[in-house]
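What follows is a set of structures for review.
What follows is chain A paired twice: with chain B in the first complex and chain C in the second.
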Partner chain A sequence: MKKKLLSALLSVAMVSTMLVGCGSTATTETESAPAAEETATTEAAATDEATTDAAATTASSEVTYKGDIEIMHYSTAEEENSKNGGATAFRYAIGEWEAAHPDITLTQNVLSNNDYKDKIATLAASDSLPDVFMLQGMNTANWADQGLILDLTDAIKNSPYYDKYTQSYFYAFTADDKQYAVPALTAGTCCQVLYNKEIFKAAGFDEFPETWAELIAAQDKIKAQGVDYVMGFANGDAWQANSCFLSTLGDRFTGADWTYSLIENTGSKFTDEAFVNALTATKDIFASGLFNPDFNSASQQTGNDYYVSGQAASVICGNWDATYVYTNADPELIAKTGIAVLPQPDGATASQKTHDIGMGYGLAINPKVAEDPEKLAACLDLIYEITGPTFADYVAENFALTGLTQTADVDLSAFDQFTQDCYTFNENPGCEIYDSYIDSAVIGVLNQDVQAMLSGQMTPEEVAEETQAEYDSVYGN
Partner chain B sequence: MAFNPSDIAGKKVKENLPAEKAKKGILTVILNFILIVFSVTCMFPLIWMLYSSLKLSKEFQADIIALPKAPTFENYIYVANDPNSHIWTSLFASFRTTIISIIFIVLFSFIVGYILSRIDFKLNKIIYGMFLLGMLIPIHSLLVPIVVVFQKCGMYNKWFTLLLPYISFGLPIGIFLIESYLKGIPVELEEAAAIDGSSFTNTLFSIILPVCKPILATVGIIQTFACWNEFSFALVLINDVKYQTVPLALTNFSGQFSTNYPRMMTAMLITMAPIIILYFLFSKQIIKGMVAGAVKG
Partner chain C sequence: MLKAIRPKNKVIVMYLFIPVLIYVFTVFIPLIAAFYFSFFKWKGGPKKTFIGLENYANLLTDKVFWSSFGHNIYLVVACIIGQIGFAFVFVLMINSRLVKFKGIHRTFGFFPSTISAVAIGFIWKIIYDYSYGLLNYFIDKAGATEWFMNVMNNGQPLVWKDMTSHIMLIVSIPLIWQFIGYYMVIILSAISSVDQEIFEVAELDGANAFQRAVYIIFPLIKNTLLVCVTLCIAGNMKAFDHIYNLTKGGPGTSSMVMALYGYKTSFRDHNMGYGSAISIGIFCCSLFVIVLSQQGAKLISKDKGGAE
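Now for the complex of A and B:
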């Protein structure tokens, strides 16, 4: 009997380990995506003028289309359940539009963000993109070159909400002075420090330290307050050190002009001294002992959990993490959580108190849609509505977040101090997020190399040189 | 029953000397310890999933290993009822795709494997080699061309879309295993059947097929797992929620920056259940097939 029971258990275990293995396919798949993207065999056809005109003329006309529209996005139900403001409002706005247009069958293809990126890259490579989809800023120039996205410059000008748009957010979706997408979801910081005010006060800081030197010098005092780490951070997916740290720290060394010149390929180089200094400062800061030792392999959630569970006195994160911390932390911890910008590194003089902020994704249209002007008008109407005031008002009222359109007189009094602080934090001077603009192949190299640098396998100079080499080959320098 | 190393030789050695006895005892302990550790590492993920599915996300995040303090079936109720997770439709789609694929994989592999192993013709080796090459091509390199072909042929995003890639990518391993297995079966079997007046088809399906049952089971099982878990083709070839298979439906439990793990584990357990039941029903056949495959293949 015992033998039978044991063999049954072992059998179940064997089957289950085989089945659980299905989770890992997603990870391997992720690695393949850039390859699929690179091997794109799609004929590179310049966006033809006729479709541009169609977009312009139909922009403000009434929706008369009856039929199917396919939209692909990554605001999953799970995002809504975990109280992600942007995703919740996005799903709400889509629902509202769908209800207002009963003659149109809106097919939504919703995948988690990682899977979305893989699928959209494959569809782009096979020239079979859906009618409306989320375009990542870094793909704009490349996809526009291949004729995969419709030029929306005039359509955006004809938008009923044009006057309310925050124009700077369009920059990520502009190539050769043409705009290819309407920024979607929420505009939030990618780099902020959440910290336990009580612990820092006990260590002698009324405010969060303004320089890294001060913070590093005080680390023993801070750890003496009963925490394991001064800061929590997670770079397991390799993009966090870039998006949530280096984009801001780099700006402090290089200033905004350098970044714009890099985006427009008008002279800036990754090998420029200021950027190499930023890399060196990044390396030194991460080697100073402030962080959780597993920061280079920890998942985003783990990084936040160090703060939520009280193991870390602070955490460096993006606005989405603030939502996670808010939802998962003890209300007592939230009440004593302050928000600060990244401290200033030694020798950085180009800017101060900046944080990288922007909208990484925008809604774009497949140029094939322009063959049917009525359908195009419907797609544009859909985009106007789900990026317009319906969305922005919803996130402002329910989550104290901002969207593409400006919402006047947001009443913050209904929110607690933490949420109010998150909202007002965005008033700090902003800077650009590298991976919203620079080509994905270059960002891929930069991300991997920075991760290798933080684990001691590369020097800042090597990172700069390798990234510049990729940049030169992609941008044809 | 504990594992005894002296059983390996198939005979009991006289254990008179105390030193020898002690030696064997130590060896038994060490070997059993290794086997127990290995078994635990295999079983723990399942047990962990089982009890974690009874926790809520907050409790899970606080301590991912700890047992649930207040076990709840909330995740099960949510997964079963939430229209966004569409777990039942995806289970149906997975069943349909897997069952049809397996029938064709086993049938085609058997016929092709038999022909390649028994009939000597000019292109035999080349055809066999081409089938085997199928195992060497990484499917990720084929995703884009397959999407293009399916779009052009109007086969994209249909209920039968996944059948073709699953069957064609399942054939190489099936043919390889069956062809090797058949080589170990004496030709005299077919010769005797021929003398008795059996036709080719009759010999194939009434004489050879029953003999090949263990290896056919192996092919069926390996491919059931492969089809049930397949993700890449399902991701790029299917858009409609009603055609999405289980691995795709599971992605609905992931957000961009966070994942509700207990809920995802619950969904995994529900979607694993049919396969586990299948395994229990056919466990004898499966083990036989695995051994046959290992020895002959």
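Now for the complex of A and C:
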């Protein structure tokens, strides 16, 4: 019997080996950016200016620190190669800064976004975050509470580029009126419709239909133009329906105040009628036959691929997908591609023509860095540079994209119509992205339940109730 | 064993101590750490709040956890039947005198076991793909699309990874496919260790293939099969990577398994304390299932008077 018990225990131990090492398998790519030949002008000259108070008050040109700085981000070389504007400019700005500071050894730990999320969560859990890293908006409140991120409120005010910052982007990184990160990479919409103007014109639409009802009524006419599906979409990872659809559609029903109240936990509930209506509308729209039948399980690029291959007449996507479509589609298709906001659902009156936009990640600093004021000054300087004009001018000139720092008027004439349209699309009224703000555990439940709802396993009411229950338990209501 | 070539006890203990040390470090310490963390509200940072048994109270009423447990049990049953059952049948076929190129069959049978689970996930993702998948391609070529639509999906299009009611079957097929070869090797070696004369005698006595399989081979390798069952249970209680790559537990939670749920809770929802409680829950559930299967195995051995 003893032997049996022992063998049983051993077999269980085999099972339990999964307890270790989840998430530690991410591959790391440690690299040092090639030193650019040109020397940066401002930083080198101004070392004679004496500064004593290094913490928070330093401007960009007063870096005296000599030593190591570790930065972790997800702008990989692969993304640069696939012409992702944000990643390319990010890597460019880091390279520039590194070249201008030869005394500092900058160690970059670069992972793909998916691996990055796992790795940074593991590092946060073991309180061993790198000096500078990308903070996801939804983690701000929790990590600030845990003391994992340094309060940058004053440092941001002292930034040499403070006047040029678009202040609204800081909202995602604010907790208890303190700002914890400087928004990084590009600001782009998470929800736009790319459509084939020719097909819609032939079906009788000079512009993209303004309401879902119109679009649904016209679906046979559109399909008769030789496409299989009216719209392409892919929700296989379960976050797309939330980030690229529900955040915008929800805003049309609830309006911005409801969302702010939800973020700040001052009364809004997922079970409020307006939000349940938004969920119901989502369910009905996806059940209307407009979409590719595998929309709920297809992986990331599938929806875009249907559009690129001409099987779908339009696609709902975020700005990163627009880049994918742009680089993969036939130039002829790009030339006849129009960009529109999500149509208006029936019964939604709180807002119109909105699209969710923001900057999902910001650069944050490990509080341990503050023990060495010189190092802190250097880290801040690094952050100012890779979110400042070096970055913003580069993305504006090369990709017609915008970041945190505003640039002088961008000359769009050198770009093709599609790129220009992408740029001007952002002038539509913006709304917030739920998963930039709401706690990750609540978003996890919402994503999962919306996916279940779209496959017919749950009703909108059940989704709202379960999400609200998680919200209550996380926010301690 | 001969005294002369037997090393000193001290030497044996010292050599054995090394794997034990590694084992303790990689298995028991994390297990104890997870047990400790499971008493805290820990959102993934230096701050932990002691909350006693609250995580466990939540776990007991957590619908997702228990449905994941159910899915694991489904996998165990499907894989015992699929992996060991098919492996047994295939081994009998390979061992048959009528089959040529036995080496090739063995190699190709074992081949999928050597592929990493991530690659298997991708291979089957492509097979199941709605528009470009092999499966739908062949069904379409066979002109059976409509029939499959009616039988499998109430007349809806054949989006395999979205068929909530059959999703567990759909995710278990790659798992079964991968490990048949593995159990084939174990069963083959068990059969080859049995005196071949027994089979010859049986054949001379006029036992047909089925009778030989059920009344002679099966009882003789019963203990090996029980080991296979234990391995199969242990393997499937910790199923993770295939499903993570195929469906990520979706749609919703309809293909969620316990390990995947623990991972999601810990690393995606940043809920490390509850994630630890889930890990301990997995440990207890697995212990329960394995003890149960051992007791079952003991009963089977007793009933048929098997040699122990």
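Heads up, the rule we're going with is that the second predicted complex is superposed on the first by the 417 of 477 C-alpha atoms of A that agree within 3 Å, B and C clash if a C-alpha of one lies under 4 Å from a C-alpha of the other, contacts with A are read in each partner's own complex, and residues count from 1 in each chain.
Definition applied: a contact is a pair of C-beta atoms (placed from the backbone, for glycine too) under 8 Å apart; a residue touches a chain by one contact, two chains touch by 3 or more.
As the structure is a prediction and not an experimental result, all values here were calculated from the model.
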{"item": "Partner chain(s) touched by A:A298 [first = chain B, second = chain C, both, neither]", "value": "second"}
{"item": "Which of chain B and chain C A:A441 touches, first, second, both or neither", "value": "second"}
{"item": "Partner chain(s) touched by A:G456 [first = chain B, second = chain C, both, neither]", "value": "second"}
{"item": "First, second, both or neither for A:V395, with chain B first and chain C second", "value": "neither"}
{"item": "Which superposed partner A:T122 touches (first chain B, second chain C, both, neither)", "value": "both"}
{"item": "Partner chain(s) touched by A:A322 [first = chain B, second = chain C, both, neither]", "value": "neither"}
{"item": "Partner chain(s) touched by A:Q146 [first = chain B, second = chain C, both, neither]", "value": "second"}
{"item": "Residues on chain A lying within both footprints (that of chain B and that of chain C)", "value": "8-9, 11-20, 22-23, 118, 122, 125, 127"}
{"item": "Chain B-facing residues of chain A, complex", "value": "2-3, 8-23, 25-26, 28-29, 32, 35-36, 39-41, 70, 72, 74, 76-79, 81-82, 84, 87, 107, 109-115, 118-119, 122-123, 125-128, 130, 300-301, 305, 308-309, 318, 320-321, 324, 328"}
{"item": "Complex contact set, residues of chain B against chain A", "value": "1, 39, 42-43, 45-46, 49, 57-58, 61-62, 82, 84-85, 140-141, 143-145, 147-148, 151, 156, 225, 228-232, 235-236, 239-240, 246-248, 250-260, 263, 268, 272, 275-276, 279-280, 283"}
{"item": "Of all residues in chain A, those that touch chain C in their complex", "value": "4, 7-9, 11-20, 22-23, 117-118, 121-122, 124-125, 127, 139, 142-143, 145-148, 236-238, 292-294, 296-299, 302, 306, 311, 440-441, 444, 448-449, 451-458"}
{"item": "Chain C - residues contacting chain A, complex", "value": "23, 26-28, 30-31, 34, 42-47, 125, 129-131, 156-157, 159, 161-162, 164, 230, 233-234, 237-238, 240, 247-254, 259, 262-272, 279, 282-283, 286-287, 290-291, 294, 298"}
